[in-house]
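These are the structures, in structure tokens.
One chain, subunit A, appears in both complexes that follow, with subunit B as partner in the first and subunit C in the second.
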Partner chain A sequence: MSVEAAGKAEASRFSLTNLIRQPLLVALVLIVLLLALGEMLSPGFASPQQILRLLIVAALLGIVAAGQNLVILGGREGIDLSVGGIVSLSAIIAGNVMNGADSGILPAILACVAAGALFGTFNGIGVTLLRIPPLVMTLGMLGVLQGLLVVIRQGVPSGRAAPALSEFVTRPFLLGLPGIIWLWVLIGLLMAFLLRRTVFGYRVYAIGSNEQAAFLAGVPVRLIRISLFTLSGAFAGLAGLCLIGYAGSSFANVGELYMLPSIIAVVLGGTPLSGGKGGYTGTMAGAVLLVILQSILTTINIDESGRQMIFGATLLVLMLFYGRGRAMRA
Partner chain B sequence: MSAIETGTSQRPGLAALVERFPFLPALVILLALLALNGWFQPNSLGFRAITGLISTYLALMMLSVAQTYVVYAGDVDLSVGAILSLVNCVIIVLMERWGGGGIAVLMACALGILTGLACGLLNGFVVAVLRLQAIVATFATSIFFTGIALYVLPVAGTPAPTIYWRTYGGRFFEIPFVFYVVAALAIVLVMATRARLTTQMLAVGDDAFKAFQGGLPVTAIRLKGYMLCGVFSALAALCITGDTASGDPLVGGAMTLYSVAAVVLGGTALSGGRGSVVGSVLGALIIGLISSLVFYVGTPSQWQNLVQGLAILLALMLGVMVTRRVQR
Partner chain C sequence: MSNLTIRGARKAYGATVALRRGDLDLREGEVHVLIGSNGSGKSTLCKIVSGSVRPDAGEVLIDGKTVSIDGPRAARALGLATFYQELSLAAHRTVAENISLPELPGKGGFFVDRERLNGIAERYIRRFADVAGEGFSADARVEHLREDQRQLVEIMKTLATEAPILIFDEPTSSLDRSQVERFFEVLRELKAQGRAIIFISHRMDEIFAIGDRVTVIRDGETVGTSLISETKPASIIHQMVGESELAVTNGAPPAAAEVKTEAVLSVAGLSAKGFVNVSFEVRRGEILGFGGLHGQGQSAVLRSIFGVNPTDQGTIHIKGEKRTIRSPREAIRCGLAYISGDRGRDGVVHGRPILENVTPIHFLRNKLSLVRPGSLRERAAKPLSALKTRFAGYDQPVNALSGGNQQKIVIARWLIDRPDVLLLDDPTKGIDLQAKTDLFALIRSLAAEGMGIVLYSSEDAELLANADRILVFNSGSVSRELTGADRTRYNLYHAAYEAA
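What follows is the complex of A and B.
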């Protein structure tokens, strides 16, 4: 008993190792450091407009990462490789439904989210009912989606974003911030509420940390897991819609840029790939961190080769701060 | 062989057979695909067509073998495509710089394999020694390797010396060169199946903690798996250089995920501990045969990718389900 108490006192005391164990804090500190570094390398990097632009890009990644985060939290090697395909598909659907007209925005939102949710549900059914490993199922689905993109793009103009949507994504909307940042904040709040304040959220953590125990406790494991994949697809669909608002029109396989980065954002946010631990607030910081890092690398004047080498090496160093695997000799 | 007729009830003999040879379901799918290819286009079973199929998919076969050695131990390597690209660029640049003679080609190939080994060593270091999560860590190293490949060869297009692709596409004693490579690969793989390292990797993949308690040097075994993976990725690069006859810093990008698919198609469990390299080779051929079948049945060109994607997804699901049912 006294040993335990001493241990607790030890843990609560200020110590650097404990601080480093807080992924959110690490990410926030790194964000500030990177902004300072960027400002040093190229003055104006940390100006309000630039930060705003970075946040818009981060919001796009962050929305995809929200779904990815849910799937990973659900455990059993949960991962969704199909998000890239869904983002691309949804961008094309959105472009064609809106075709530059504001009246098409609502149908586009519905179509994109529904399409994403549909493919997500297929993933979930494959993973739960047919018990295909998530990596395999979503990888196969990615192939199907890429094929579907080729079919849709043949002969059909890929469409344009409605002016109001572009306005929402890129222009100040409320308190000088674009609508998409407000949307992202709203998603962040909803995710926090969902995960920390609802039965559903607790069940997600339950199946993520010990599926069998959760099942024995009466948690509808399959239903929860299917809905996680459905949500992941829906978030990716929403992100595709926002993406076309940002870019104006969709281009080939644009979503591929979101597939693995969405997983990296989750990991940098402190959610281990083994699931059952972590949350979305960290992931949001992880997405911002990733985007700032990429932005610094495009700002400094080096070759594409050097940029990629530094990016890869930096990611490896960053990962050292977060959930390393358990040592065998424990 | 006679035990794998379709429609047989779950005899213990069949289960035991698949347990011992995890690639049997893949073999059945492969034979079925061969039959279908032959049905729709009799020429596709001809000597010439099979040679073409193998010289195109030999690189993926090697890459799938590479992937299998890390999957054995329960890991995964998302950088195999980037290693392939890097080695492709390295040997192309070296061969050009050294004049493209026979000795130069051999030296370049040897250095290419060493490059692959070095990449595998780095992957093994970050995953096994530093204990980073394999999926994200090897994605990070893949960005790093792509950077080096772009540094070595900034733009695609430098051609391979004539002697190189002539050899790869040529024949010796009336038998195509690629057949010798396949035969050599088969011998190496069968010998490797009996090697102690394979058993150790499978033991680690089955339960790393138990393997450690049983006295196995888990970190070293995982590291060796990644090094083997690097070497076979480099061999895959030698094949693709023979097939495309040029250097391209991004040539392997799309192949990583196909290598994972081929491993799963071959009956290897992604969670580790069970599988076979032979299955992965068959898996790579299944992917090749699916795309040629899609072509032979006369699918309109814009639908080909979709049908191929659906067929691969179906084959993946079928393979996973059959393997599990038989092994229960």
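What follows is the complex of A and C.
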């Protein structure tokens, strides 16, 4: 009854409270406000070059968040905590496969995406066939990946990015924007297409919002859920590759910093952790917003640990606003 | 402490009145049987006594004093204990712990007194020791027990409260003969101690074996109370049906459709959890009804055919071909459709647009991978308008619609591509009268076009008005088939209660 009533109200009334419930709009307004705030705190913060740099960083986060978004949309407490580990692993793989040579780019892309997809598939199998809660499964996977990273590295310096890749990520490519931003836009379009125009997308929302009904309607629930985790891993793998293009070489656990922000970006963008509604456009705005916030915190000399605390708190506050639509546990 | 009187209890859920005027007079030292058909208000009255539902009007008296039962804890404090039909045991704990779960014996206000805990358990287990079967002991974990043994634990748990008033709602459904007899012996002892017992069962023989008095409820009203020794099954059923109804339906049940085509679905010797050895055939153009009291295996049969629940035994033929169905996916591919009345759980994809809600079956049956909203809208329009669905647009979230319209959306999902067999699992639960009328008009016309339809309805009037043939379920098997002029309410209840 209450759900019906809420639905009716949403459809008919237009008010400030409803406006605030439009996460995408809120995020866009916040982006502008934060940019203005940054400019006030430190003149030059909102300069074009600076904004471009922020967008590159946001693109890296946004690619990870694309996978995170899919997993969360699929519902049943879907979450992928292993993305950070996959990003780190993929950065090392990319560095070693390319080792500074442009000819290594294509193999590196294949290796990174394949490795990410592989670990993602493990997550998916653990969650669906072995019925391990996603939180536990992907946290365990993160532990495995961290151990793996230590073993692989063994003091050996990890490889370098190919020059062409660095150029793709950092130098203007088209209309003054670097390739990675175009890649991000492309991913945004593909995600929108996937979610709105493919049967797969419809099924993702269906299992995210009522798994039992989806199952009775013949949706291959497990297969879809496994592929969501696979895609999440693949996106994280791709992000790891791009990251080494941005940083030049991979450094210790570079990907760790993506776990929490990728989740925050999704929730900020209007996809509740309970799944079944929302989409990637909001997540993109969420990623930009978060990167600006991060940059402001750096500007006012808050170190990494402080930033992590603030992010953690942000996520909790967001849960209060957007997470209450439906109880997390059915 | 054990005389309970309920006068004029009334309870409505929204516009639906579940109980109009419930009266009950329970005296100490008796087993009082409560009987009524589906939706008669019997379970609502029972819930009022157990404290899980608060009446809108009426009064409850214990030993002549007005009391209000505000929830299960208050009920306990007033000396009422209820055996719940849907078992409420802690699966990972032992039998002894479960028996004392309502009131764990304490030590020092914090610790559990294990000695007393086991003592209490032993006392009740001993009563059933020779009938409980293997593996039943105080320290056995409930998860390792059989269905009947769990039911015994639930019974012991109720007994262990030592409450003066005990309510048993279908306590014998999984018990075997010897267990039932032992349970009845225990009830007779309790009676002799002056306790009062409300007993609900769908087995006439049990009612006559243990009951002292019987109260019949019909259409939300208490019809009357009589002494078991002065009545007989047939007259109880007469009371449940009502004189006016007897006069009407004895005359002419609705004409059954003339069906002489081949069987589109035939099921032979099907057994699974919840039912045994069920066989039937549905022909094209026919509406086969499943009747009887709630939860006698009707839904379980439909869900097993549809591949939701696994089957242990039996064969299913669809359009003459033998099929093994392991999932709804396979069932849909075989031409089956399954519509559940629990649309919130089984049907509606919450918060999503209507378009997304009507399309999943179409995608599957046509092996599509891309969505073309334009063509989808066109395809969905036909079944939606056939059902007279009222909605603003395909992008409207489904939850903005009324319950009846939501259910129509779910039904339309199955009709975009015509199935061969429609399995309806109490499809009109909680929808308005107009929506019901629209739905049954459509179902009849689908049958006329050659679909085979299985209709389980917990609303007896609906079943009698729409089914060409009715299989009455009792304890997981078909107790009787009603055809032609036999499709009367009297026969339905008679078979549902297995009256002698």
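Methods note: the second predicted complex is superposed on the first by the 284 of 330 C-alpha atoms of A that agree within 3 Å, B and C clash if a C-alpha of one lies under 4 Å from a C-alpha of the other, contacts with A are read in each partner's own complex, and residues count from 1 in each chain.
Heads up, the rule we're going with is that a residue touches a chain if its C-beta (ideal position, glycine included) is under 8 Å from a C-beta of that chain, and two chains touch if they have at least 3 such contacts.
As the structure is a computational prediction, the values presented were derived from the model and not from experiment.
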{"item": "Which of subunit B and subunit C A:A114 touches, first, second, both or neither", "value": "neither"}
{"item": "Between subunit B and subunit C, more extensive residue contact with subunit A", "value": "B"}
{"item": "Touching partner for A:V29 - first (subunit B), second (subunit C), both, neither", "value": "neither"}
{"item": "Partner chain in contact with A:V199 - subunit B first, subunit C second, else both or neither", "value": "second"}
{"item": "Intersection of subunit A interface sets (partners subunit B, subunit C)", "value": "325"}
{"item": "Interface residues, subunit A side, partner subunit C - complex", "value": "1, 3-4, 6-8, 10-11, 196-203, 205-206, 209-210, 212-220, 276-277, 325"}
{"item": "Complex contacts: residues of subunit B adjacent to subunit A", "value": "76, 78, 126, 130-133, 135-137, 139-151, 154, 208-209, 212, 218-219, 257, 260-261, 264, 270-271, 302-310, 312-313, 316-317, 320-321, 324"}
{"item": "List of subunit C residues in touch with subunit A within their complex", "value": "14, 306, 308, 327-329, 331-333, 338, 340, 345-352, 356, 359-361, 363-364, 368-371, 392, 396-403, 410, 413"}
{"item": "Contact footprint of subunit B on subunit A as seen in their complex", "value": "77, 79, 81, 126, 130-133, 135-137, 139-148, 150-151, 154, 260, 263-264, 267, 272-273, 303-313, 315-316, 319-320, 323-329"}
